[in-house]
Each structure stands twice: as structure tokens, then as C-alpha cells.
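Two complexes come next, and they have one chain in common, subunit A, joined by subunit B in the first and subunit C in the second.
After this line comes the complex of A and B, so read on.
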């Protein structure tokens, strides 16, 4: 009973209270309770972040202890994790030392890896843009027009290309993405309802 | 001084990232692990500030109801103690339930009603016609049109092939949307790359004049 049913009841109550705040006529008690539940979720989720850190610490400490492949990189990870956690907790994220780390360590690696994707995505487009049927033709045409429309050479080739590119982004792209967004929203609502009603219980894990 | 060291360190780290293009190597792996460590540290600091500001500080001021989320949060760690590991399901269920509620309310407003409302356009010009038919056919393609072997019966079932027409229109819209999004992403990533190269060859190795 406590192992499966109680969690399902807790999930049902949490979901119903949040939904009640939104759908039922305004009620001070329900409003405050709904807001509380949403805030409590943020607090519990903050504890879950710690769980992730504990897992990361455990995995990399074991890797170093066993001298597995790449253990030296694990030292870098742990050093960075421990150092910046300590600085963040004791000196604050606005302290000059933390900001130095953010600006000169975190940001360059983030932008470096992000720009690496330019190479990956270009090689992916070389492999995927093949004129096999009309659908792949439309896919390729859309991509080529938008890419050429954003660089100077596109305008040199055909004066109206930037305008066509903007139109594709503003109209057919919005239409397609909107259809996908509406379909996704319906799916998200259905899945969320299943979670609240206890029909979706995979997150509880296996066993009793 | 610290800024100068930082600038050169940034340059080294960017080169370490780009070295992956040759092959996976130590410099890239170190940079990658440094990034993951910093990102995890950021998450921990953010999590702690949430716990402190939303839980511990108000609790100290007498808001004792906050014991509930704090206890639920601590229960997440019960998974490491086998006899009590099932208790970790309570906070998990609470988070999932609340998240499901928040998702429904958020999605209904921002994604469903707003998007449907924005599609209700008068069919008086080409843009509006493309927008309405494109959105409707994309939605129909995803939700109602059978694909694969089941698609064979579509034409026969409706007699004049309206199903096929909607399917093809939906496919064309999706392909154009995906293709243009892809092209846009390529250009965005290239501008990232150009900015990094400008930094490397402008500030670290001054080949590009300011």
C-alpha cells in the first residue's frame, strides 16, 4: 500500500490542487494552496539537483579510485565542481572570483562547443540533402533559400532571395511549427492527465 | 592582470574545443569535464539558494508549513538507504503530480489557446491561406492521417482522395518548416563560429584589425 498507492495519491493531490487553482472559480484558500504546491515543487526539485551532484561525485570518485579510462579528466571535473560550488556557496555567484570562472572558463567552452556544431550540422546537411523525392526536395529547397537569404551572396544571385527567405520563415515555417506545437500541446496534456490519474507510473520505478 | 590571463585562457579553451575536429583528445576531454563540473556547481548553488530563500528562511520566520517540502526533499535521499528506499517515491510523485498540473495549465494558455487563436485568420490573402491550411494540414497529418501500410486504405475510404491531398499538403508544410528551421540553425551556428574565430584571430592572435 505505502510503496505504490501512497505515492500515487500524493501525485494525484498535487496535480489536482494545481489544476483546481486554475480551473475552479476564484477561492482564496485554493489559490494560496495551489501557489504553495508550485513553490514546494521548486524546493523539492532543488533537493533533486543535489541528488544529481551526489551521483556525479560518486561516479567520478569511483572512476578515479579504480583508475578507469579517463580518470585524469574526472579529477578536472571534481576539482571544478568542488571549487566553484564552494565559491558559489561561500562568496556568492556575484563575487569576482565566481564571475571570472563564469566569463573565462564556462562561457568560452560553451561557445566553443556550440560553434563546433556548425561543422557537425554542415556535414549532416551534406548527407541529408539528397533529392530523392519531392519531399526531400522541399526540405532542401527550404533550407537552401533560408541559408542563402541570410548572406550577401544570396542577394547577389537573386535580388528577391532575402525577402523569400523572410517569407518562408514568417509564413510556412510558422504554420508548420504551429501545427506541431498544437499537436505537442495535446500530447503534453494527455500525458500530464495520465500522470495525475496514476495511469502513467513508470517514474516510480520497478519492483514493489 | 586577471582579465589578461582569463582572455588567453579563454583562447586556449576554445582551441581545445576545436581540437575535437581533428580527433577526440585530452585537451578536449579536459575542457568538456571542466564545463560539466562548472555546470553542476552552478546547479548546486542555484538549488541551495532556492532551498534557503524559499524554504529555510521563511521557516525560521515561523512559516512551519514549509517543513513539508523540506522533508519531502530530504526523502529523495532515502534511495541510498535500502530499507527506506521506497520513501524516495513520495517526493518523486509529488514533483511529477505538481509538474503535470503546471504543464496542463501552462500548455493550455501558451501553446493551445494562443496558437489556435493566432491561426483563426480571415482567408483574405495568400499569407493567411497558407497559414491556416498549413497549420490545419500539419495537425491533421500528425493526428488523423494514417501512415505506412494503413495509408493504402485512405484513398479508397474517402472516394476522391481528400485524405491524400491533406496528407501531402501536411507533409509539404512540415518539410518546408523543418528545412527552413534547419537552414536557420546552420546560419545561427555559423555566426557562433564566426564570433569565436573573430575572438581568436582578433584578440589572441591579432591578425584581424579592429
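After this line comes the complex of A and C, so read on.
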């Protein structure tokens, strides 16, 4: 019972303190308490990062030991993890050697992965905009108008196209997005309320 | 009244109506919930992965640790119970350290609830930090994925993960409330939970009476917001028309 009750009490107190700090009039005690709660969250997250690193070490050590598919990549990962942790600890994260690794190893790989988006967008658009039924037809028509409206050739084909494209983006698109955002915000409030009141226990592994 | 006071009044009204609706429906007095195809498809996806002897992958994205992450835990709990029941291999990957600890506990409890605690493996819980997207793409390459679940606060990685996942041949069920990423998930996944649906997932899957009450309050709040928007638009439209007519009349 304590295993469930203590996290629920902590959740309730943390939630009400932070809400109180935001909504209630300026109060030095509540302000300090609210800031403390937010700081505690950062400290807990830092410890969780340590647990994550342990998980990473365990998972990849096992992969190397079992010689699973791609085990050589695990050696690279572990070597990078240990090397960069050591450099960060002993030389500091602003040291030239640490910065070099970040700027010339991590960033290019990250940019490479991000650049895949261009190809992913093309293949996803091709699949989505194929004319299968009236709904995909509407999607395709809207997409063609918006895309042509963004480029010079669109205006050359039909002078009013940029205006139609802007109208689609500003009116139906914005209206739909805002509708989803308002629904989402209400959903988030309802879920947060259930979590604070201890009615939502999915994060504890479920149960009543 | 300033914005904060209005927000506070709205929150109190919403909280009270939620509590009232929860109390009234604590027994789950047969309030129907509309079908959400994305949530119904979870069983289908796990069933297919089981039949094909493939892995079910659950991805908690690298975005914020917010209400969407909590909604994702609810869905993860259900997915883990189903995979435990059918002895399907489950892999859970995430980039948020705090989510990793919670997700591990959620899956462990689900296996325990199904009496399969010995089937739970810590190895199935993968924490992928800075190289999250590359890590998931690697899993797509190495593991035979039969069901791919993507739930939470997505940013740029949504399309890369969903489109690459689509190429694995897995049934993909996704959900996010980040409006800027929704079109990508809709385009690349078989089923997508849109906005508020992700927050209702836990209630939909558990059918808990009190939680259904909270959903009712959420719906009422939505209709009140719509009414407020219509009334506000009419008020400002008529006010500007009235002011314009007075200006013209004054001339």
C-alpha cells in the first residue's frame, strides 16, 4: 500500500504547490516552496540520467557479450560514452577537445539524421496524396494548391493561386489546428487533474 | 479581471465539474464512449505481431516530459499487458531519463498483473539518449518489428521514425497532441490519435468509471469553450459594426 500511497501523496503535494505558486497572489513562502519543487524535479531527472546511463552500459555490454547483430556498433557506443564522460569530468565540457568531439563528430551525425527528413517527407507525401477516395482527393488538391502557391510558377499558372494558398493556410488550416490545440489543452488539464487527485495511476503501473 | 484570474476561475470550475462527474459516474453507469479506431487497432497490431513472431516496439519520444508522457504510460501499460498475455516480445525505447524509470515500472507491473513476471526483461527497456532517432532507426534494422507504437510529445523525429517504421511493414499506431507534428504521423502511420484522444486513451482502455466522469467534464469544457468562442466572435463583430455605424452617422 505504501508503495502506491507515497508517490500519490508526493504527486498531490507537488501539483498543488506548483499550481498555488502560479495562481495565488505573491507569497514568499509559497514562491520559495514552488521553486524548490521544480528544482527537486531537476535533481531527480539528473539521478534518472545516471540510471539511464547504467541501462545503456548494461544493454550494450550484454550485446557485445552475446555477439548480437551489430555488436561492433555497441563497442563504438561504449567507447564514446566512456571517453566523453572522462573528458567532460577531467577537462570540462568547454575544453577544446570536448568541443571538437561535439562539433565535428556529434553535430554532423545529428545533421545527417535530420537531413533524412527531406526524403521521408517526399515518400510520405507521395503515399498520402495518391488519389484513392474523395478524402485523399481533397488532401491532394489542398496540398497541390498550397505547394504551387509557395513557388513562383504557381503565380505564373494562375495569378490568384498564392492568395488561395494563403487563405487555405490562414483559415481552414489554422481553424483545424486551433480546434485540436484547444481539445488537447482541455485533455491535458483533465489528465493532470486526474494525476494530482490520484485517479490516474497508469504511471504507477495501473491499479485502483 | 486579468488573464490569470480568468484561467484560475476556469480551472476551478473545470475541477469541480470533473469531480462531480467522476462521483456521479464512479460505477461507470454505462456512459458510452465513441469508438477510437487507433486504440482498437492496438490489439490488432499486437495480434499480428504475435502471429508473425515479430516484436512489438513502443517508442516514447524525445520531446517534453509532460502530460502526453503520462498518457503514453497508460497506453504502454495496456500494450505491456497484452504482450505479456500473448508472450510477444516487447521493446520499449525512450530518450527521457525520468520516463525510462517510470516506463520500466509500468511494464514490470503489467507483466506482474498478467502473472508473467519471469518474462519481464530489463533488456527490453532501452534508454537512448542524444542519439535517439539514430538508435530507433537501428532497432528497425535489427529487430523484426510487427507492431510499432509511437506516443507522446514528438518533434522533428516524428516523420523520420514513422516513415522508416512504415518501411518495416509493421502496423503503426501513433498519437500526439503536438499539432505541428500531427500531419506527419497521419501521413506515415496506419492509425493516429489526434490531440485530446491521446489523453482519453487511458480511460478508453481501462473503462474506469471515475475516469469516464472526467472525460464527460472534458467534453462539457470543450462545448463551453466553443460556445465562448462563438459568443466572443459575435460580440466583437457586432461591437465593431456598431462603432463603424456610429462613426459614419457622426459624419
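In the analysis below, the second predicted complex is superposed on the first by the 164 of 208 C-alpha atoms of A that agree within 3 Å, B and C clash if a C-alpha of one lies under 4 Å from a C-alpha of the other, contacts with A are read in each partner's own complex, and residues count from 1 in each chain.
To be clear about the criterion, contacts are C-beta pairs under 8 Å (C-beta built on N, C-alpha and C of every residue); 3 or more make two chains touch, one makes a residue touch a chain.
Keep in mind the model is a prediction, meaning the values are calculated, not measured.
Taking subunit A as the reference chain, the count of touched residues is higher for B when subunit B and subunit C are set side by side. With both structures placed on the common chain, the touch criterion links A:188 to subunit B and to subunit C. Once the two complexes are overlaid on the shared chain, A:70 sits against subunit B and subunit C alike.
In the superposition on chain A, A:168 contacts subunit B only, with no contact to subunit C. Of the two partner chains placed around the shared chain by superposition, subunit B is the only one that A:17 touches, whereas subunit C remains out of contact. When the two complexes are overlaid on their common chain A, residue A:30 makes contact with neither subunit B nor subunit C. Looking at the shared chain after the overlay, A:56 reaches both subunit B and subunit C.
When the two complexes are overlaid on their common chain A, residue A:142 makes contact with subunit B while staying clear of subunit C. Of the two partner chains placed by superposition, only subunit C is touched by A:123; subunit B is not. In the superposed model, A:8 makes contact with subunit B only, not with subunit C.
Subunit A residues 19, 22, 44-45, 48-53, 56, 70, 73, 106, 109-110, 113-114, 116-117, 121, 125, 177, 180-184, 186, 188-189, 191-193, 195, 203-205, 208 lie at the interface with subunit B in one structure and with subunit C in the other.
Listing the residues of subunit B that touch subunit A in their complex gives 2, 5-7, 9-11, 13-14, 16-18, 20-21, 26, 29-48, 50-51, 54-55, 65-66, 68-70, 72-74, 76-77, 79-80, 86, 89-105, 107-108, 111-112, 115-116, 118-119, 127, 130-139, 141-143, 170-187, 189-190, 192-193, 195-196. Listed in rising order, the residues of subunit A touching subunit B in the complex are 2-4, 6-8, 10-19, 22, 36-54, 56, 70, 72-74, 76-85, 88-89, 93, 100-119, 121-122, 125, 135-136, 138-147, 150-151, 165, 167-186, 188-189, 191-193, 195-196, 203-205, 208.
Across the interface of their complex, subunit A is touched by residues 4, 7-8, 11, 14-15, 18-19, 22, 65-68, 70-71, 73-74, 76-77, 97-98, 100-102, 105-106, 108-110, 112-113, 122-123, 125-131, 133-134, 137-138, 141-142, 156, 159-160, 162-164, 166, 177, 179, 182, 184, 186-188, 194-200, 202, 206, 208, 210-211, 214-215, 217-218, 221-222, 225 of subunit C.
Put simply, subunit A touches subunit C in their complex at residues 19, 22-23, 44-45, 48-53, 55-56, 58-59, 62, 68-70, 73, 106, 109-110, 113-114, 116-117, 120-121, 123-125, 127-128, 177, 180-184, 186-195, 197, 199-200, 202-208.
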